[in-house]
Each structure stands twice: as structure tokens, then as C-alpha cells.
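In what follows, chain A forms one complex with chain B and a second complex with chain C.
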Partner chain A sequence: MSKPTAISPTQLFAMIILFEFGTALVLPIGMAPGPNVWLSILIAMPGGILLYLLLAYFAKQYPSLNLSGYIQKIVGVYIGWPISLLFILIFIYISSRNLREAGDLLIASSYDQTPLAVVHAAMIIPVIYVVYKGVNVLFRVGEIYLIIMLALGALSFIATLMSGAIDLKNLLPVMGEGWIPTLKNAYPNIFLFPFAELFCFATIMPHFKQKQIAGRTGMIAIITSSVLLSLTHALEVTVVGADVYTRATFPLFTVISTVKAAEFLQRLDAIVILALIIGVFFKMTMYAYAAAAIAADIFRFAEQRSLAYPIGAVILLVSIMSAWSYPEHSTEGSRHLLSLHPFFMVILPVLLLIIHLIRKRFSHNRPA
Partner chain B sequence: MFKHPDRFANKHVRNREDDSKPGRQSNGKMPLFSRLTENLAYIKNELGDSPDIIVRKFEIGTSQTAAGAVYMDGITDKNMVNQYILQSLMLDADSRHLDQDQSVLSYINDNALSVGEVFILKDWDSVILAVLSGDTVIFIEDTDEAISGNTKGGEQRTISEPSTQVVIRGPKDGFTESIGTNVSLIRRRIKSPNVRLEPFKIGTETKTAVAIMYLQGKVENSLVQELRNRLQHIRIESLTGSEHLEELIQDQKMTPFPTLTNTERPDAVTNHILDGRIVIFVDGTPFNLIAPITFFKNFQSVEDYYMRPEAAAAIQFLRYASLLISLFGPSIYIAAITFHQEMIPTPLLLSLAAQRESVPFPAFIEALMMEFTFEILREAGIRMPRAIGQAVSIVGALVLGQAAVEAGIISSAMVIVVAITGISSFANPTYSMALSIRLIRFLMMVAAALLGFYGIAILSIILIAHMCGLTSLGVPYMTHIAPFVPEDQRKTLYGLPLTKKAEIPQTFAIPSENETNGETDSSPPASSASHTEGRPS
Partner chain C sequence: MRTCRSFCLLMLLSLLLLPGCWNSRELSDMAIVIGIGIDKIPDTDQYRVSLQIVNPGSVVTSKSGSGGQNLMPNVVYSSVDHTVFSAMRKSSQKVPRRLFFAHSQLLVIGEALAKDGIDDLFDFYERSHELRLNTSVVIAKGTDAESLLRVLIPLQTTTTTAITGRIKVTSESWAQSVDTTISDIVKSLVGEGAPVISGIRVTGNPSKGQKKENLEQSTPLSNVETKGIAVFTDGKLAGWLEGKSARGAVWALDKMKSTIVNIDCEDKKDAMAIEITFSTTKVKAHLINGKPSFTIQVTEEGNLSETKCPINPKTHEVIAKLQQQLAEETKKEIELAVKAAQLTRSDIFGFATVIKRTYPKDWKKMKENWPALYSESEVKVSVKAYVRRTGLRFKSYIKPKEE
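Then we have the complex of A and B:
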């Protein structure tokens, strides 16, 4: 069925929150995870909002064009085309990294007998299916899962509160090592992951019809998600203490394992796993969709949906073959976080904006 | 009133014939002969000289004009044929009024025939259709036109209490197999001039009467137009029931979920019409279709309208809970036993382990065996004669369940899981939805056996994505939640029962999604206001 595709503000809101949660909810975020991560998240938030407003501005300037579309408009086809191609690779790569993170947590938690490839293959099936179904379905699924996610969050939050494991003293001293580490953790680390990753929403903006409120919707979503993220990480520190929090591979998992409330809610690990699966699913699918959208645009594919298969297959392969172990994966991650991310998600968009503004100015002076 | 329940359907058929007559005749429709004997012989021959075709030759009144009445035994009302056709033509017709410039035909039409609906037929197709639908057709000597009078009747089931959708407090009447009766049941409930009824005829052989009914002003016109298009484009030989029609007009074919719902309760249909949905009546079945519906509509029963709002909301919650149990029950058990023993509280785990000690099968096989047995019992219970049916299912379940546990084939925990799953699936008010949930439950069990909770989570994502891709008459299936309609949610929160206030009119303002934004913002208050007013108290 060929249907007009349009995304409602609620859907965009839900998707941004889910995307931000992604792996950031479960994994330690920032290069040097310390007890002040919650503060760093809030400090990094304005940067994320600015970057988002930048892409909302592009969306307003080029309402019907995809990311690759306006890159080519702004810097010309000869530079723009290769950059767009690189974006496909970047998106596929990040998507596969997300998959790897989920797979490793799953294997570490309860699937130690299951091969990595099987765990990953199972995850890629819904991704391919949803990318194939198109952006409308993806965003509707997002709405439903936001509700599920918030319900899970509320449940674990209440259980943690009731278990009495929270010790607010663990948060002190706030910024015991001064401003510098906290700020450094916020910029560039947390700013780049997860906030700058929002840049892949540039590929769905053509489907968002109410461009004038794109900025506002996104801002509210970013603020909501960072407050929730910050709350979660603060909670993690209060429960397990700064020391364990800093060393844990998956802090949230560690936290939830310690929760015992009312003799009944003993093992809420499943909730963390579920939250991770949901978060990773949406993040991966967003990236896979972004890659498919750009690929369809630059290679002039009429049927974007059929790209779901090859892109899904590549993500699966890259996720399995990119690293031998989780530590290797992690090390590689910090390297790419400081090299690829800044360039593609921050520097490039800002450069684009500058060139765009110059061109606009120039063409304004010209009598059209 | 019920003597001529098919009047409506008949009228529609006739009108269409009349409208299209000139074109169709020039298209090679076979015209009538002018000689009476030829006409009578032809129609007898055409209908295979069937014994239930009654041909009665007579002379009109005191004139010497010969005429013949043809009708079909069994589907006509004998009294009507005798009293209003034969008697009025043979005895009461006074040929003195028959002057020369007036043909016999128009005389009969205007003066002699005392039946309500009279039509003049010019070609064989319409004559045969009229006879087959229970009308009496009168041929007149030296006239190449025939006249038909509505004498539909014969044996029909009377209105009785619906057997499948039982409510505790509410009206006791149910639809019958006659479309005319069904329409009249709704007409009596909604006395609004805005109720629109549009007839269709589907099936080249069965010529089944189908009609759509909706409340003008409540339904988005594009929805009605879409449904009209779909009905008009059906090319099929026979239409034998609404299930068949549902299959023909649903949006997506590859799905286990029903995207149209059906009901045999007139009060349910009334509520649907007032809520801005379209009802599709099909002749020959008491189950009439409703479109468009959402997933959530399947969990509302008409009973909710007859309960206190708080109770209705609570019971709806219960239905969703039972949906989750019937969908995930066995698969969660399998996953927990096979992959995630650490999640089960230790005392329970110990007792489960003790039970399973003697069981030789993995949990999945165990669950599959029990579920399969349960489904067989259930199916047997439905098909058996009523007296034996219940005995079979109860005794079968008890004996099999207990014996299987004692023999050490099945753990007793598994029997509990299967039982609660089975009971939960009965709590679903929509049978077709319960059916699809049963199917998906087995998929869930496979996923749980392969990958535990992870498998269930993955399959759930696929399932939800699939449901989000479904549409019912173009309206997204998961509407209310995805796309999220804040207006409806507010009504849900303020006026508790989901059925009463959180109805869909709002949603229907978004037929195609590109118009959604902007325009809906202005329309909601007006339409929601009129919506509440329109509801009978």
C-alpha cells in the first residue's frame, strides 16, 4: 500500500526519547564514568539541544530534502555525494556497534551458552522488518514502546525506592574533584554520545510535516530524556556507590540485581534486559533507516524498503566481526567516539550551516 | 412488519435494474416476447422447469385479456399472492375503466394491483431476478413488458436472543438472517434522518444483498467512499456470509488479526453507528460487519455500555490482562524454566524443580503437548452435540490433566499454566481476536523455547510492528496509542469508561495522515461535542 507518510509531533517526541535512552540507559556513559555523570548529562544537554535546533533549522530550510539531499544542495554534488556515502557507512557502523553492545550484555547476563551470531541475528530480524515497513510503522511502534518503557522505568524505580537500597550520601561529594572532570565528561563525551547522535534524525525530517514545531518538540523530548537519564544514573550511584558504579560494565544491571523488595520483586534483571533490547532496537532501527534513506536517495532507489535487507545483513556482519571481545569493542568505541563522531555529527553540520548561511546571504544580495 | 422483511433489498435490486435498463437493453439484454404463452414457456424453461415455479394463467377482471402470474413457491407469501395479486386482478379489476388509449399494463399498474411495491420490467434478467427474489411477475397478452409486485415472504427465523455475544444486562434481541429485519432493528433504534443506507448486490450467482449503514455527519466521507469503492470492485461468483466479505474488503490479507469486527447484536451496531463507524449488513447471516475498527475495540463488549463506568473500566483492564496472559502465559513459563531460573524466587524454584524431576520432557515439549491437548478438547467441545460437549471438555481436561501429572508426563505447574491460559483466552469478547491470539501464542512458545525472554521480546517487537502496519479502512489499527490521539486520551481519563467517552470520532478525523496536522487541531471540540449529544441516554 502506498500511503502518505507523515510523522506526528507525539511520535517524534517518543522516538527521540527512546533513541536517547538507547544504550545510554544501561551502559556507563562518558569516557570517565564517575559519580557526577548525572550532572554531566544535564550540562551536556544544552549542546544537544543546540545541535538538534541546527538540524531542525535545516529541515525548515529544505523541507522536502533528506540529509543527503541538502548536503548536495549546500556543497554541491561532487563533494556532497561522497560525504553522503560516508554517512551511510557511519550509520551502519554505529548501528552495528549498538547491536554488539546489546549482544554482549545479553550473553553476559543469561545467554552464555548461545552463540553471538544467533543473538545478533535474532535482533536484526525485527530491525529489517520495521525498516522494510517504513518510517510510519517505526514511529508508531515507538509510541507504543515509549509507554512500555516508561512503565518498566516506573516499576523499577518504585522497586528500588521500596528496597531501601538508596543512600543519598553516595552522591556526595558533588564534584569532589572540581569542575574540570565533570565538564570534561560532558563536553565532548556525553555531548557526543548520546546527544550528538540525534543527528541521524535529519533523515526522517522530510516526513515530519509540522516543521514550525519540530524544534520545540525535539527540545522538550531532549530535556525530558536527559532528566530521566540523569535521574537513572544518579539512582545507580546512590544504590551501588561511586566505586562500583565506575567499575561496572553495565551499571544498571548491577543496580537492579541488588534490588529486593517485598519478598516478591526479587529479580528485576529481566526489566533491564528488556529496556536494553527496546532501547537498542530503536537506536539500531533509526540508524538502519537513516542509512537506507540516504542510500535510496544517493543511488536513486525508487523502492527504499528493499534496502532493508542488504543494510540489515551488513549491520549483522559488522557487529560480529568488528571486534573479538567486549573490551576490544569498548576500546575501539572510545577511539571512534573521539574521531568519527565529532566530525560527522558536529563539525560537519556546523560547517554545512556556515556554508549554507554564506550562500543564502550571497543569493539574497543577488537580484533573483 | 416482518412479512416483507426483504422489501428493502428487493427495492434496491429493482431500482438498479431500472436505472440501468436503457443501457443494458442496448447492450444486448434480452427483451420480453409479446405473446403470453411464449413468455410463460420461456421463463419455465429458463428456470429448468422447476416444480416450485408456479405459473397461473387467468383473465383480467371481466375483460378477455389473458394474463399469467409467475412466482416461486416457498419464498413468497401465499396470502399476498392470492389476496393482492390474483384476487385483485381476477375479481376486483373492472375493465369498464379500461379505455382505449390506456394500455392494460398501465391500467394494472395504476388501478388494479393493490400491492405496495410495483415495478415494470422490460428484460428477462430483471424478470428472473424478481421471480427468484420472491416477487410475483405478471405477464399480459400482447405486451412486451411485465409487471412485478412485491410478495416476498415465506419462512424465516424470528428475532431471538443472540447466542454468541451474551450480555447480562441489555436488550435481548439479536439479528436474524434477513437483511430487511436487521436494518429495521437499527432503524427502530436510531430515528435520525441522517442515517444513510446504501445497497449493493454482490455475487454474480448469489446476488447477495449487501448494505452499508452509517450516520451522515459522524463519518468521514472519504471512509464511506473507500468502502463503496471496495464493495463495488468485488468480482466474485458467490457471497455466502460476512466472513467471506470480510476477507474480500479487509485492508491487509496477510495478517492473523481481524481488521473488521462483527456482531449479531443490534445494540452493539447502534453504538458503532453512533460512534461514527460504518456497518455492513450482509443478507443471509446474523453477523454484520463493522468498519473501521481499532485493535482496542476488540476488547470492548457492548456490555460495557450497560455497566457503571468504573466497573466497565476495571473489567476492560481485566480483559487486557487476560490478553497478556493468554498470549504470553506458556511462553513466559517456558522461558523462565529453560533460560532464566534465577528469576524465579528460590522456594518456588525448588518446588518446581521437584515437580519436574520426574518429567522426561523439556518444558517446551511439555507445554506444546498440553496446549495441543487443550486445543483439541476445546474444538471437540464446540463440535459435539451440546449435551455431550461439556462433558467431553470437562472430563477430558480433568482426567487427562490429572492422569498426565500422576503418570509423571507433565508437571502440575504446567497444567496450571495451560489452564489459566485457556481460561484467559475465553475472557476475550471478540472471538476472531481470541483465535488469532491462540495462533500467536504458539509462535511465542517457539520463540521462548529458542531464546527465552529475549526471543519473546524480539517476537513482541515484530508483532507490535506488524499491528502498527495494519489499517482498517485506512485507519491505523493501533489508533489511540499509535498514532497517539491526545484528545481521546483526555476523554479516557476524564470520563472513565473507555467505551463511553474515549470513542473514535476524533481518530476518524485523520483518514489520510498527511492532512492530520494542523487541521485536526481546529475540528476536535466541535465533533466531540456533537458526539456526546448524539448518544442516547
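Then we have the complex of A and C:
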């Protein structure tokens, strides 16, 4: 029998896909997106898989410990504790960024008279509720919403196909500028967002039902999600062209609003908004949960659930106060993506691995 | 305790639903804008924006067949301001309801404004979430957008639906106009190509066309019709393609759906009608000594629909001759269009994009003096035509003339 807080492989699969979709489905990804963005996504995928396998390795080495738990084990409490504290801030910050993106799309697309705070508050409440209920509820909800998400995706894909708006020539020239820009777009940009963001799964790994297959399920999920992401972004470029894709605040929204199939299938904008809200909900909640889990661990809270309220409130406030305008938010995002993100999501885990391996070697040698 | 909890939950749940009402608008408070016209005020940088608003009462009652005949089907309000959006909002001084743009289907650009340049017209359309990027665009040929929108037209409730209907039908069955949307225009403005937009002109007496009596005639005193395709150079109206050259342009743009081509038979000119049922166009670019040249390859299929000559298409030779004639006629029309476009230096066929995709490196060098290169480049047209069917008869009843 499984423990009450055990996550099944299917649930993990669903969650990784929803998490990767999150905002990446709707926003332009990569900072210099051109007609080759779909290729960049596929090139960035192996990096995401490697990072994920690294997490799975840590989870196998320290099966009962959280991210903050094994950081403190590996580098010691004096360095590990402050790093874990910083992780809380990072996770809260990213969660609030996701909230802001969803809120701004909602306001830009339909709620032009509604204050940002109200939209955000309405969205943070279910997040708080789910974080309060625990990781199990979150993952079970994810299983259901994956089906909804895929159904929405299939519907809009068919409508786009039927509308005849797809012009494959927009994807040409493949590699017009050579390999370098495409590679540069993949590493670091797309590798960092959305793939490296999988790092926050480190906090839920202790809850996996079957630890051995977590790595394999995750890999399949990452491959599936990146293929779907790549397909979506390629579709966006074929419909609106590389130029509009680059200038749009929410390319997918623009794409869907131009789709008009069979005279009656039009203005499918609501689908994109739904997709964003669903995706953002899971991403935000994952980050909020990750922050709560680490906070509970390093401050030794007996009840992790009670942290849902303060963390939710902080996310709400940060999301509103972090930027004056959406363009500013967007610029800040790219700055953050290239400074904090690589350190916390990539360099740090790799350093941890190296230190861990060195320590393991020593501890093995001593008894022998 | 338990009741308190469920009460709190109820309050929280209502919080989820209530923001939906923040933006609420009642249908009866909205003025539904169906068509938008933009003109230039001469010698200023101001726009006159005309909004065509449907009269909901007239639409509903005329369908049920009583009463509504006395209502004007649509009303046009115009306002002048420096930006398109503020001119739209300014109209609210004259409209008793809140303007609602999500159903607008047509953008009419006055010819004077088109000549002045349309580059900076569409930013608002891109940014706004209410206006659609797949709105059709037409140029008011020989008039301004406002007077075009003011014409009342029988059969359709609003001028806008009348125009969008015409554009759709002509571009699909007569192919001398194109159905251009705002996203098409933006795409060609940001790329290296140039947009093509159909023209609509007012026939008859425009001032009488604005009155109700226009709807009470079997031949309307005034009407609107599609006429020609506008060609733009640097965002400014540079000329019109009309008749056969307009159709040639539609062919070269790969937008041909169906049309009727008349070809000669024996000594009679234009005596056979062939209906094009399928056509596809490919454009290829070549670089010879750094000079670009293009090949337009058309493959088309058609049916023999009418003849004034006694031909018997049962033999292969006759069909082969028909196909050859059809191919030649098509080629002639496309060449006509290409020549006219090259003359205005307007790259309406997107040749630059083809070069960019096939020779991305050489394109960077060519970019500088592309208009000159384009207007001098050699364009070959090759047409493969197939006549597949001849309707319900093989041989015509017309007897050959005895000499």
C-alpha cells in the first residue's frame, strides 16, 4: 500500500507537462526568437533531461530528504541553510512572475477595467488552497487538467488547421543565419526557461511512489512536453510570421484570434486564456509548494500546510509590486533569467553534485 | 465553528466569481460597430474615423418581416482626431451607447489616405484586443471612406456586410480582387513585400445612395462594387491593377480559386469560356551573377463551359489546343501584372521573401537596393494548364459554317 502522500508516475508525468507548458506555451520563449525557435526548443531539451536526471540522482541518494535537506547534508548547515533560504525567495519570486504574466494577459485580453490586484487575488486563492491541501491534491488535480489541457490544445490545433492560416514557408529559412543564433537561443535562454525550472521538482521528489522509475517517467514527460511546445511555437510562427511572433506580448493569443475556421469557429481566444490560467496555476502552485516545503524544512515547522497563507500573500504582493508595467516586467524577466536563474538552477546543482561525489569517495575510502 | 467555516468558504468562492462582473457590459448599452472607415484630413496629420453602427432594431424586425422597414439599417458617425483610437472614442460624444468593436468586420481606407501612406495605421489594430486582426481591408476608390460607408445597399442590412460579401464572392469566383486582412498587411509592411488591397467604388449617385429611397428601387440609385487591386510602394498607394492585370496578380499571388477565362477559337475572339476550378502557384528565385531572377510556375485545371464555335473536344488534339491557349492566356495576364508591379517598384508578390528564404546570405547584400533590383529582375512565367471536363456535352450543337 502506498503512503498517503505518494505520487504515482502518471501524476508526475501530467505535472511535468503542465509545468513545462505553464507560461511557455503562451509567451514568446527565448530572447531572440525567430523562425527557428522550434528547433531551439528541441536542442535545449537534452539539457533539461540531464538536469532532471541530476535531480533524480540526488533523490535516490537522499530518498527521504528535501532539496534543503540534502543541500545542508552536502555542504554543511552553515552554507546550506542560507542557500536554502535564498531558494525560498527565488521560488516565491518566480511564482509571482507567473502570476503577473497570467494577470496581465487577462487584463490585456479581456478584463481591461478590472484592477490587477483583483485578478491576482482571484488566482492566488486556489493556489493557497491547494498548497494547504498538500502535494497529493495538487498532483491529482494535475492528472485531470492534463486531459483538459490536451483537449483544448487539440481543439485549437484542429481549428487552426481548418482555417488554412498555416503557411509553412514562414518557417524558412531554417538556419538562415547559421547555427549560432539557434544554438544561442537554446543555450542558455530556452534551456533556462522553461527547462531548468524543473529544478523545483527537487522538493517533491521525496513523495514519489516508485523512486526508480521517477527518472524514466520524467524523461518521457520532458520529451513529450518539449515536442508539444516545439510544435506549438512552430505553429505560431507559421500562422503569424516570425516578425509578429517576436513583437507580440502573447503570441499564442494573437494566433488564435486570427483563426477563423468554417465561419463559426472563431474567436477562440478563451481557449488560450484558459490554457494560460491552467498552466500558470500549476506552475505557480509548484513554486509556492516548493517554497513552503523548504521553509517548513529549514525553520522546522511541524505543519507545512500553515505556511500556505503567508507564502500566498507574499506571492500576491510581489506579483503586483515587482514591476510598474508589463514591458518592465518582461525586461526584468530576461535580466533575471540570465543572472539568478543559471546560478540557482544549474550551477548550484552541478556544484552540489561535484561536492557530493567527492565526499562519497572519501567516505567510501575510509572504511576500506 | 462549522457554519462559520462554510460561510467563509462561500465568501471566498464568491470572490472567484465576482471579478467576472467587473467588466460587465449589457447588450442593450452597446453600440455594435460593424465597419470602420479612416480618412485623412487634407493638409493635417489628423484622421477622420467613421464608425458604422448597426441598428439592432432594424436587423431583428426586418428578419421577422414586419415593422423594421421604417428604420435605417445602419448609422455612420464620424469624428476627427490625431490618432485613430482617440477619434473612435471621440465619437462617443455623438453615440448614445458604449461603442463595442469586437464585431467590426471591415476597415475602409479612403483613397487620399492610401496615397498619403498607410504604414502607421495598424498599430492600434495589433494592440487592441477588441479589434480583430482578420478584419478585411478595402480602399475606397475615387472617394473617401466615409461616403462609401454611408451608401445604403439593398439585400444586405449594412454596407459593411455588403462590401465584405462582395469581396469574398469576387475574390473567390471572379478573382479580380483579393480579400486582404490586417494581419496580411502588417506582415507585408514589416517584411520586404508590399501589400495589395482591393478597391471598392461607389457607382451611381452617392448622395442619393445615402437615403432610404435607395432601398426602394429595383436598380439602386447608388451601389458599391469591387474595382481593381491597389498596389503600394513604401506604404503609399502607387497605382491600380484592373481587369486582366488584377487577375494576373491574383494568379501570381497563389490566391486563384475560380474564374472564367475567355479564349479565342478559330477566327472568333474570346469565344470560348473556360472555368478555372483549381490553380496553384509556386515562385522560385535564382541568382545568376548576383542578379536575381524569378520563375512563377502555375498549374491550373479548368472546364470548358461555353463555346460559340463548333468544336468537338472528344479528340486529344482539340483539348491539347484548348490547354495550350488557356496556358498562354494565363501567362499573358500574369506577365501583365508582373510588369505593372515592377513598374511601380512594388514587390507585391513577395519576391524579396523568396530570395531571403533561398539565399539568406546574398539577401543581406541585395537588401540595400532591392527596389531597383526588383524592378529590373527577369521574371519567367510557366503555366501548365489542364482542361479536364466539358460539362454535360461533348460536341456543341453549333454547326460548322459552310464556306
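Brief remarks follow.
One rule holds for everything that comes next: the second predicted complex is superposed on the first by the 364 of 368 C-alpha atoms of A that agree within 3 Å, B and C clash if a C-alpha of one lies under 4 Å from a C-alpha of the other, contacts with A are read in each partner's own complex, and residues count from 1 in each chain.
Following the convention adopted for this analysis, a residue touches a chain if its C-beta (ideal position, glycine included) is under 8 Å from a C-beta of that chain, and two chains touch if they have at least 3 such contacts.
Here the structure is a predicted model, which means the values were calculated and not measured.
Within the superposed three-chain model, A:Lys209 lies in touch with chain B and out of touch with chain C [touch as defined at top].
Within the superposed three-chain model, A:Ile220 lies out of touch with both chain B and chain C [touch as defined at top]. By the touch criterion defined above, A:Val141 lies against chain B but remains apart from chain C after alignment on the C-alpha atoms of chain A.
By the touch criterion defined above, A:Ile125 lies against chain B and chain C together after alignment on the C-alpha atoms of chain A. Of the two partner chains placed by superposition, A:Leu183 touches none, neither chain B nor chain C. By the touch criterion defined above, A:Lys133 reaches chain B but does not reach chain C. Once the two complexes are laid over each other on the shared chain, residue contacts for A:Thr114 go to chain B and to chain C alike. In the superposition on chain A, the chain among chain B and chain C reaching more residues of chain A is B. In the superposition on chain A, contact is made by A:Ser8 with chain B only, not with chain C. Note: residues 110-111, 114, 118-119, 122, 125-126, 266-267, 269 of chain A belong to the chain B contact set and to the chain C contact set alike, using the contact criterion stated above.
Chain B makes touch with chain A in their complex at residues 251-252, 339-340, 342-343, 345, 451-455, 457-458, 461-462, 464-466, 468-469, 471, 476, 478, 481-484, 486, 512-514, 516-518. Residues 12, 15-16, 19, 22-23, 102, 126, 129, 132-134, 181, 183, 186-187, 190-191, 353, 356-358, 360 of chain C are the ones touching chain A in the complex. Put simply, chain A touches chain B in their complex at residues 1, 3-6, 8-11, 14, 106, 110-111, 114, 118-119, 122-123, 125-126, 129-130, 133, 136-145, 147, 209-210, 263-264, 266-267, 269-270, 273-274, 277-278, 281.
Those residues of chain A whose C-beta lies close enough to touch chain C in the complex are 108-115, 118-119, 121-122, 125-126, 169, 172-173, 176-177, 240-241, 243-244, 247, 254, 257-258, 260, 266-267, 269.
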